[in-house]
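Please read through the structure below; I'll follow up with questions.
So that you can tell them apart, the chains are marked A, B and C in the order they are listed, and the count of residues begins at 1 in each.
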Amino acid sequence: MPNAALELDSVTRRFGPVIAVDRISLAIEQDEFFALLGPSGSGKTTMLRLIAGLEQPDEGQVRIAGEVVTDLPPYRRGVGMVFQNFLLFPHKTVAENIVFPLRMQKMDKAQQQKQLGWILELLHLQGLEARYPNELSGGQQQRVALARGLISRPALLLLDEPLANLDRELRSEMEVEIRRYQKELKIPFVYVTHNQEEALTMSDRIAVMRNGRFEQIGAKTEIYTNPASAFVAAFVGHANRLDGQLSEIDGGLARMNWAGGQLLVPRPADAKSGDRVRYFIKHEDLEVTAAGLNGGGLNGHVANDINQVSGTLRDIIFKGQTANYIITLPQGTDLVVSDTPRTITLKPSDPVIVRWPAGSGACFAAEGA
Amino acid sequence: MSGLRSGKRLHPELRFLGLAGPGAAFIVISLLLPLLSIVVFSFWRTESYELYADWNLDNYRTLLGEAAYRTFFLRSLVTAAIVTAICLVCGWPVAYFIARWGGRYRLLLVLLLAAPFFTGAILRITALQGLLGPIGLVNMTLVELGLPPIEALMYTQLASGLGLVYLFISFMVTAIYLSLVNFNFELLEVAKINGAKPWRAFIEITWPLNWIGTAIGIVLVFIPCLANVVTPRFLGGPDATSFGMSLSQQFGETGTWALGSAMGVFLFLASFAVILAIWPTIKLKRSGFTGAVQQ
Amino acid sequence: MSAGSFGFGRRVAPTAIILAAGLVLLYVFLYAPILYVVYTSFATDVVWPFPLDFTLTAYEDLFASSLYGEALSNSLKLAFGSAVISTFLAAGGAIAVLRYRSRRRGLVMFLFIAPLFVADLLIGISILAFNARVLGLPGNLVSAMAANAVQGTAFGFLIILAQLVRYNWSMDDAAMVFGAGPLRCFAEITLPTIWPSLFGAFLIAFILAFNNLEITFYNLGAIPTLPSVAWGSLRFGLGPELFALAALVNAFVFAIFAAMYGLMKTGLVKFGYRGQ
């Protein structure tokens, strides 16, 4: 891989007894939008700081554009970064903040101004040059931080939860914009977030992190549809979690005893009959219908490769384009079904049937069982 | 060892030492070693202004045996305690006002507390005497009006105490102020919304969160008061000889350095006892002060 | 936060008024003797200067005498040197403690605060004893500077620490990622934010050393400073020149305060105040 924008080679960082980043190896291509997704404390921010040079690895090597930078301080690495709370310099104007990286590179004044004009236009910041950061709205501060990160056209842009402090609406607007800049400028982005929607919306590839290790790394559709572990299945997307026991293995599929019936689920690797398992099925993979004449009350894997359970509709959470139908099953557990609200006319406390294709979803050996 | 990678970059621990090391070394050389040296001298002997290294406990025997030293010490101790209490009670409201309502003039208001120091302790004490002393403005005016002068202020313990309050209250106010500027006053509103009366909110929220600053203020007033030389000498009259006055004589007029050193050790132990008494009440975690901000 | 500066133009809390009265009383208490000093400097008789028979003799004598000029110059040199040493050491210590999570942080904090727990007098005599009997050094301006810087460092450390807790060190991370080396970073990002606290530390260290009697007295030998001259002249009664000199020093200090007030009022310089 001669042309990888960033390579990590078995990088490890410990804080006392805690291993924040544990032998991580990774290569990020030019033009790639790469997301590091994980809950807080998973080591993703430490990893970003290792790449930036704000932390030094205890072991391993960091290469940016083929050059070993492990021992270089942050100011010699030529990367850009957008920080969680923007970290604009409060005593400098917008223009001074943005040209800061160019001044540090000792670029001549005329060239600085040219670059400044270009980035201001790109990010729609014209007219704000003379303002101070505390005179800007959250969205404007975000753009300034982005402008400062991009103005020198760095070899790599690191983004540390840059949208965490914005409100929801602004966030989804910025998600689209950030992806657009990445595609236009062809600068590799490494984007750290704990928000799976952000990662799914923007990135090309996602690494899901947990306890300093990659739980799974791959294209975002792969991560979404084909989670490699129970952790990923629970963390990415919205899934129902069903705990049961395998009764019969049948090639790539297995039968799981659950709530008095049997469901046909994908067979976890090396699973045997009798193993306790945890089965995940995404909200949007389920389908809800009013309990009618066609076999209400029959639970489990029924004919025509369908898993089916019946229950009572408890509540409908309207979300705009979709709605979440919360269904209480007779033994007390809840299932959530995400569906288009217009297609169905159901009321709370109606008896309903939930169906999904047999063998879909993801199933894993129960942890610690 | 974790984190001690020998790269081209300076390890954080080295940077830490580079920044803090000079100051720490300076304190060791200019404070700890000198203090250690007087501990050593306190076990020596002075004869006609010369120190002799024959180890003995005579200085401590003198110190503990002679009633005069005990009186001096107790007098200093009681005065220091009362003065500290007065500074605390008078200092808190002032510091609170500056921090809460001083607005953009806060720094100026605090500097105004410090400015009198430019006049120097001796001149300030003399001036205080000129106002309140036996032939001071207040008493002479009373006499002119045919009234009796306030005898309580004529070369008494009270006058000496008042002088100490005058000299040191600024320390108390400044210490409390420095704590209060980092205090989030909105917490009080939360307390009030939850039903706490103002005084209750003060006791439950403001006081505990600013206790460290207050404790520092207490130490900053108490310790110099305990050792003060100038004030009792000029305001206190013949019955006000303080431990500090007696101690400074050993290094000056009488030249009995060994005994003086023993007195110094005594003074230090007394100061240390106060700090030991306050120390357990200091809980960094409960103060809202967390130290390193990084990460 | 509801009330702005002094709560002008808004509903003023009654507590604020009571506390403001306390503040005013304290200032009266603190400044009455200072006013007395200034007043007396224009009097013939410094012991009983009432009613005032105005004279400038004290000022003439002050400028005619070389002793006071020398004492003032020594005091200024001593205070300046001591404040520079203190500010540098204290800033280094405070930054180190807040910035780096070292295992030696506790020890460093203890060392920097320790001088606060030792009385002036004790610092003075112990350094005297150490210098004279252990190192065999005579007292001079440098040793007095160092001796005074002990307390200055402790006070400076506390002052800088109190203000610096709020500083966001990630700001330096940001500057560094964008290409600023450590020195550049300090000069461009850290210093503009923290200078008021460094200034405060310098000022306090300066004032402490300028007026210190006990520490200086034991470590300066025969070199006169303002406090030691005052101390020395006490047994014959304070000379009127001292009152005049103190009046001049106060005039100078208050001229600076007036300038600061002007700058704050116009908002030209904020001295670290960033609103509530």
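Note that in this section a contact is a pair of C-beta atoms (placed from the backbone, for glycine too) under 8 Å apart; a residue touches a chain by one contact, two chains touch by 3 or more.
On a predicted model such as this, the values are computed, not experimentally measured, just so you know.
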Open item on the list: Per the definition of touch at the top, where is the C-beta contact count highest among chain pairs?
Closed with: B-C
Task: Distance-maximising chain from subunit C - centres being C-alpha averages - done: A
Open item on the list: Averaging over Cα atoms per chain, report the distance between subunit A and subunit B in Å.
Closed with: 57
Open item on the list: From the mean C-alpha coordinate of subunit B to that of subunit C, what's the distance rounded to whole Å?
Closed with: 16
TODO: Enumerate the residues of subunit B that touch no fewer than two other chains.
DONE: none
Open item on the list: For subunit C, give me the residues that contact two or more of the other chains.
Closed with: 168, 170
- [ ] Provide the list of subunit A residues touching at least two other chains, using ranges where the numbers run on.
- [x] 73
Task: Of all residues in subunit C, those that touch subunit A in their complex - done: 168, 170-171, 173-181, 184-185, 188-189, 192-193, 274
Open item on the list: List the residues on subunit C that touch subunit B in their complex, please.
Closed with: 1, 3-7, 15-16, 18-20, 22-23, 26-27, 29-34, 36-37, 40, 47-50, 85, 88-90, 92-93, 95-102, 104-105, 107-108, 111-112, 114-123, 125-131, 133-134, 146-147, 149-150, 153, 157-159, 162-163, 165-170, 196, 200, 203-204, 207-208, 210-211, 213-214, 218, 226-227, 230-231, 234, 238, 242-243, 246, 249-250, 253-254, 257, 260-261, 264, 267, 270-273, 276
Task: Interfacial residue positions of subunit B with respect to subunit C in the complex - done: 12-13, 15-24, 26-28, 30-35, 37-38, 41, 51, 90, 93-94, 96-98, 100-109, 111-124, 126-128, 130-131, 135, 137, 140, 166, 169-170, 173, 175, 178-179, 181-182, 185-186, 198, 216, 219-220, 223-224, 226-230, 234, 244, 247-248, 251, 257, 260-261, 264, 267-268, 271-272, 275, 289, 291-294
- [ ] Spell out the residues on subunit A that touch subunit C in their complex, using ranges where they run on.
- [x] 49, 52-54, 73-75, 77-81, 83, 85, 87, 89-91, 100-101, 104-105, 148, 152, 158
